[in-house]
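To keep things simple, chains are lettered A, B, C and D as they appear, and every chain counts its residues starting from 1.
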Amino acid sequence: MRAVFSPEQTLRHMLAFEAALALAEARTGVIPQAAAEVIARCCRVELLDSQRLTNDAVEAGNMAIPLVKQLTGNVREAATQAAGYLHWGATSQDAIDSGMALQLREALALMQRGVASLSAEVAALTEKHRSTLLAGRTLLQHAVPITFGLKAAGWLDALVRQQQRLRELKPRVLVLQFGGAAGTLASLGDRGLAVAAALAEELKLGLPAISFHTHRDRIVETAAWCGLLTGLLGKMACDLSLAMQTEVGEALEGAAEGRGGSSTMPHKRNPVAAAAVLAAAIRVPGLLSTLFAGMVQEHERGLGGWQAEWETVPEIFILTARALERMTALVAGLEVHPERMRANLDWTQGLVMAEAATMALGEKLGLGSAHRLVADASRRALAEHRSLQAVLAEDSEASKHLGPAELEALFDPLLHTGVAQQLIDRVLAEHRRVLAEHRRVLAEYRCAAAEPAQEKT
Amino acid sequence: MRAVFSPEQTLRHMLAFEAALALAEARTGVIPQAAAEVIARCCRVELLDSQRLTNDAVEAGNMAIPLVKQLTGNVREAATQAAGYLHWGATSQDAIDSGMALQLREALALMQRGVASLSAEVAALTEKHRSTLLAGRTLLQHAVPITFGLKAAGWLDALVRQQQRLRELKPRVLVLQFGGAAGTLASLGDRGLAVAAALAEELKLGLPAISFHTHRDRIVETAAWCGLLTGLLGKMACDLSLAMQTEVGEALEGAAEGRGGSSTMPHKRNPVAAAAVLAAAIRVPGLLSTLFAGMVQEHERGLGGWQAEWETVPEIFILTARALERMTALVAGLEVHPERMRANLDWTQGLVMAEAATMALGEKLGLGSAHRLVADASRRALAEHRSLQAVLAEDSEASKHLGPAELEALFDPLLHTGVAQQLIDRVLAEHRRVLAEHRRVLAEYRCAAAEPAQEKT
Amino acid sequence: MRAVFSPEQTLRHMLAFEAALALAEARTGVIPQAAAEVIARCCRVELLDSQRLTNDAVEAGNMAIPLVKQLTGNVREAATQAAGYLHWGATSQDAIDSGMALQLREALALMQRGVASLSAEVAALTEKHRSTLLAGRTLLQHAVPITFGLKAAGWLDALVRQQQRLRELKPRVLVLQFGGAAGTLASLGDRGLAVAAALAEELKLGLPAISFHTHRDRIVETAAWCGLLTGLLGKMACDLSLAMQTEVGEALEGAAEGRGGSSTMPHKRNPVAAAAVLAAAIRVPGLLSTLFAGMVQEHERGLGGWQAEWETVPEIFILTARALERMTALVAGLEVHPERMRANLDWTQGLVMAEAATMALGEKLGLGSAHRLVADASRRALAEHRSLQAVLAEDSEASKHLGPAELEALFDPLLHTGVAQQLIDRVLAEHRRVLAEHRRVLAEYRCAAAEPAQEKT
Amino acid sequence: MRAVFSPEQTLRHMLAFEAALALAEARTGVIPQAAAEVIARCCRVELLDSQRLTNDAVEAGNMAIPLVKQLTGNVREAATQAAGYLHWGATSQDAIDSGMALQLREALALMQRGVASLSAEVAALTEKHRSTLLAGRTLLQHAVPITFGLKAAGWLDALVRQQQRLRELKPRVLVLQFGGAAGTLASLGDRGLAVAAALAEELKLGLPAISFHTHRDRIVETAAWCGLLTGLLGKMACDLSLAMQTEVGEALEGAAEGRGGSSTMPHKRNPVAAAAVLAAAIRVPGLLSTLFAGMVQEHERGLGGWQAEWETVPEIFILTARALERMTALVAGLEVHPERMRANLDWTQGLVMAEAATMALGEKLGLGSAHRLVADASRRALAEHRSLQAVLAEDSEASKHLGPAELEALFDPLLHTGVAQQLIDRVLAEHRRVLAEHRRVLAEYRCAAAEPAQEKT
């Protein structure tokens, strides 16, 4: 992702815009075909002095102004008369925002593949541990038994939603920005709409009804999508790092040379990937608030809000992609310890089954009486450090209704995971449906993502 | 919107959940029909001591625990044996989150109507001022002419996108939360899925693949939608308040008794509605970052992140709705001063037409020479406080190519607004399409929004 | 704290400003003494129609405008000629901001007492558990032994810093706002400075060099102080809730009727106070970012940024105060389980002492060899589920240098808590120094905090 | 500032810590003097493979682990036996956080100089324009006359406060972090405190009562200081960019080659420096909320919160410093147009003096009658596009009390700027006092800031 948002790649996308603009204007008869071809040939990042661009951008106020200036120089050297046709009818923000749309197309394609990879890993984990018993925990306290697969299915279900959202926002977000100085395309006379349509076609971007220089909702909703994803990744990292605590020991990050170790403390395997993901989940919300706040932009071109996006959007994408990669590797290499999950479940000596016992006795005694009986027995079990099963077996009232075999079954947590298996099946089915969809999209991407400026030159 | 999120209405929605749960469980044979009917009858907010609920919720940790406790007391009084069937198989968060889904359904219906109203006002403004000339401004400087209708069309286009997003997220967001203590529905044995389906049907909520107690993306994306909307409203308020500056004077908030006045300064009409909208646009981003940050929740029930939502979500909705109302009233009552728009456009004595002059001379002289000629003329005009048209009329080179009539036409800004009219038409067409859609949805809402618990009792 | 920021109290503070202004202007000969006395007598919240104020404030744009209007009516009824002298030379924001300063004085006094109370509880905990062994944990993994008192001393040290910061910011923040329409006090002629000085004296507020209507740093730094405090409270809640996990069991929130319980799960004592504190720690950062963002205010009176403060500042104070109270109660009632702390420390069978063993052997073997020896032994201990002490006792090389008694001492964690006791002493000494200071301040507060307007009437 | 936070400089500060630690331990007899000298000699950034460090840090979880590893290799080559004494008794975070303290010392020294430079420019502007008339504007509407110097004095006053805050926080923030694995300094036996004291002395950092690995308030308050500063800079940029609007024209950014221009629109001078400052003011609040949120850190070493600081703190400092530089240059090169300020003040034809007229007539007619008279006259003036002065001159009642000369004086705004001159004097006096203080600090800095590790080697 860092490559997608590198300064060089940013320039390359702006050059793609300038090249496509020239070609579109030639096609629509606005500028000579020969000029367009010269311009397109000059739109190569290798021909620019990028250090000078960066310096000049400070005083110019944005990157497009010095880019067009340098490019004009280069085109003039190639063919004097062509130079006048460069950037014809466009404004700086047209180049920068359309470049950003191309960049987002690449970024979202990477994200989509990344989410698909993580989904595949999580789906495998779900399948593998669909019956691995685990204490369900609410407010960090044991509640009732679940399976590790059910927890993973919850993660997977959220990943499915992320993919659905991505499908929805892509056509809205990956669109051309083209309005000229203040959105009217005035310097193209009556050919403005034709050029816009041809340009969108060149760049394989959507064509919006109107330019949107100071309406940033498309950018912000895309970043918010990243925010939803880092939130999910943070939740997964939170669950896993809690499971990796010394006292809990239900999972470990896969061992690797130089990872999370300590020379003096050989028992230590630090959850460093989880820490990195959690750091991203702490950072992205603040960055997002910047983008939402920056939406309040002045008239036809913003004074501060637009500029605030330039480093913030890449930062959000890079943090999210990095967290996604770390989490995918973490899940792929995760050491799961089912025996510790089981031992922890048994840690409270059956209290985690109190709800089940209440329901079973309730059918015989009525719920109210069953309740009081089990609550008393639980308190006794806690006080005497004995199992709830043992206490109930000795209880004269309880043992009247529940024989040893029934009690034994009652305290088998595997029999008390409700509809966990069916829920897992539903989520896996959803996942497979989305996966099939993703394969189609991936195929499309292979066709579409090739960099237009490069194709032409 | 304040009513939708009032403490009373919050309780009402939780009661609707409890009533519907009992009825769904009766339908699926889990509890006796008679018990369900008693429960449903008791699920009335008037029967609760809401002050005690609020107090007890502090120690209990959430509102559902004391609610179920009070409700149990009430049901027991009505029919002792029914009390044991209340809240059967559900967890606190099931009631709270499903209540929230019902609340969001109301809130989003209000939002949808609010956005439709604002869109109608903005569309009318767009139509009315489609040819009203205005200086396009970039970085707060005059750039080239636009029309006020084009600016309004930009706002309208963004409102159209908001409506599209709302359509997408509603089916994903308005869903049942029902998982029991840790998501397995264990205490319902093998009837968990049947109850869930019946319950979703009762509440007319969607049925998700799996419960999502610690996956908050649905809530957060809905709040982010509000954030996109306040961002847009803030942008509109920004544009309008800049237009209302004493020196600019292109618009005023409609006069009203007691609004924005000052007893000693009769010339003052403060943009108080704009200020209120801008305040909302400043506040919502920070509140949103809270929700994104709160997504990192522990295991099967969150410790802090979930609780952080309870006041933040209503606050976001209330702020957004209030801003939406203020902006709708502002636009509806807006005093527009086309003559000041025109006067401001002429303020720089034709410099705003420099681009047009360059293009016209470029066809005769070549672009490079035209450029230099106009730039020189512009500098002279600025220095001598004369109009660019006058300077060009006297310029020997320019006057060779442009006669007085041509010059006159060249400096008519109305002839240089490019494709503004077509762009406006495209946006209005979009708007009409969405409006038709909205009417359908509104009709649906009239059927669906009636409060389910009330229907039954 | 909710009372300090109640609508009624907010009005009371604004009335205190208006009363003090009249009296100060009488003292400096600007208005007649008799008029001032009438005005001061009318400045009572009971005489206002607060519902109408709230309604009128919407259109007026702030609360001071309708307040002055109602008040003028009331004064006119009391003495016609006095009405003209009300609010003389002041602007709305003078009343609102000076009222806020009075409010902050009350709020900070409460905060100071609250922090002092929590400090006292934490100091007691530090003393009591200064030698209670506990596993030091880094990245949620056991590291080396500490004492619970040392952890508490870390909290206490941070509380000391908070008190130091509060001392620094109070004189800067608790100052008069008084500048008239645009900061010049023009309508007071040459008596502006004299009135300002007398007014500051009346209100016992500091007198700033110049009014600061659109410079909000004082407000924001005060809110940031709250943010630092909730951050600390959140850190404490985080530590404690991790200690309260079922598997860790080192602490519990004190039991209370209706607190954090569950009817079906008697073993469950939910950390509900910790959850509430964590929720506050998640919410305050976003609210703070609103205030920082709102600092960008226009010219002599802000358009949005100022208005964004009105609900955000109270919200931050109320959340912080609520979290402070919950944490104070939590610490005061905390159940600590030293035996579980010790058992958890022993959980890894001596691996937590690996560092100590390495240092001891290092003196005999050289560090490098000692390192390798202990690392090998640790791996063996882990693999064979034996204690590191036992493995080293059998190791031919280790046992050459360390006899059984030496080994026994080496594996006594109490002997390996370094300078924990001295560090605790240093922090307690700091605390006592600040406590003495606080007592002085408390005495001052008793004199100063009485509400000025009330005093006069 | 970018240099202060460069990866290389970050390493240099960590090396300074390691060198000083060795020397301090030699002085206190913990390690051999010879070993310390070898270590100190090896602590040079040039001897490290920084690319490998960056790569290894990903898996290790922080930068200190691979740094110590490489450094150990280098020391071993220089003198085998010295290698075992490196990083003796310290933990990774000790090196990273103490390095950060050294970095903050450099950063704050730069900030202090930057704020002093800006203050000097603003003070000069204040002096120069102390009597330059300007419309005071509230909610973007003309209110009453002020002077441009008074506005600048408001900025200066806030800069004075920033310097005061900096003085307060420096001793609290620029302190040593040194606690070993979990804060006890256990591996230094009873010499922990002596080493800590010697180390603080070596690094010329303060010595805190206790280590504070998971208490981040020092870092966060420093960043919040930056936030207050960017808020102020944003406010200045806001004021100036509003003044630079085409219709207002009261100021322009100084012209420079390639700055803010447009080839086709010669009248355009974009406020690009203001835009850059505003972008920073939009970005810093979100980044700050990250740091406040990150304060909730686990036990003795954080999992996510600490890591979230590493890029966020530098980003805040770099953004703030960049904004400070841009604003300083902007103010230094500012083109002020007093004639436009005056023309704008006269724009409403004397309405801006309505308050003054009311006061003058009030002395004769009583305030109530004066009020009504002036309000009527103002409405007439507005309706008839005439000056308020002319309308009052013709008014039979008004002209009875105010002769032509009196009226003339009344409508001279310069006579109605209240105590602006005295307020300016007060602020300038404050500024001079702080400036003198700053010169002392600067002198100190010249002594202290030299990089310790470099000194020794």
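The rule we apply is simple: a contact is a pair of C-beta atoms (placed from the backbone, for glycine too) under 8 Å apart; a residue touches a chain by one contact, two chains touch by 3 or more.
The structure displayed is predicted, hence computed values, not measured ones.
Participant: Is the number of contacting C-beta pairs greater for A-B or for A-C?
Facilitator: A-B
Participant: Taking each chain's centre as the mean position of its Cα atoms, how many Å separate subunit A from subunit C?
Facilitator: Their C-alpha centroids are separated by 35 Å.
Participant: Nearest whole angstrom, what separates the Cα centre of subunit A from the Cα centre of subunit B?
Facilitator: One centre to the other, that is 24 Å.
Participant: Hey, what residues on subunit D touch two or more of the other chains?
Facilitator: 61, 137-140, 143-144, 181, 234, 237, 241-242, 260, 264-265, 270-272, 275, 278, 281-282, 285-286, 288-290, 293, 303, 355
Participant: Which of line, ring, star, complete or other matches the graph of chains that touch?
Facilitator: Here the contact pattern is complete, since every chain touches every other one.
Participant: Residue numbers of subunit D touching subunit B in their complex, please.
Facilitator: Interface residues on the subunit D side: 135, 137-144, 241-242, 244-248, 260, 263-272, 275, 285-286, 289, 293, 344, 347-348, 351-352, 354-355, 358, 371, 374-375, 378-379, 382.
Participant: So in the complex, the part of subunit D that touches subunit A is made up of which residues?
Facilitator: The touching residues are 56, 58-61, 66, 181, 234, 237, 241, 256-261, 264-265, 270-272, 274-279, 281-283, 285-290, 293-294, 303-305, 307-308, 310-312.
Participant: Can you check the complex and tell me which residues of subunit D touch subunit C?
Facilitator: 61, 83-84, 91, 136-140, 143-146, 150-151, 153-155, 157-158, 160-162, 164-165, 168, 172, 180-190, 192-193, 208-212, 214-218, 220-221, 224, 227-228, 231-232, 234-235, 237-239, 242, 278, 281-282, 284-286, 288-290, 292-293, 295-303, 355-356, 359, 362, 366-368, 416-420, 422-423, 426-427, 430
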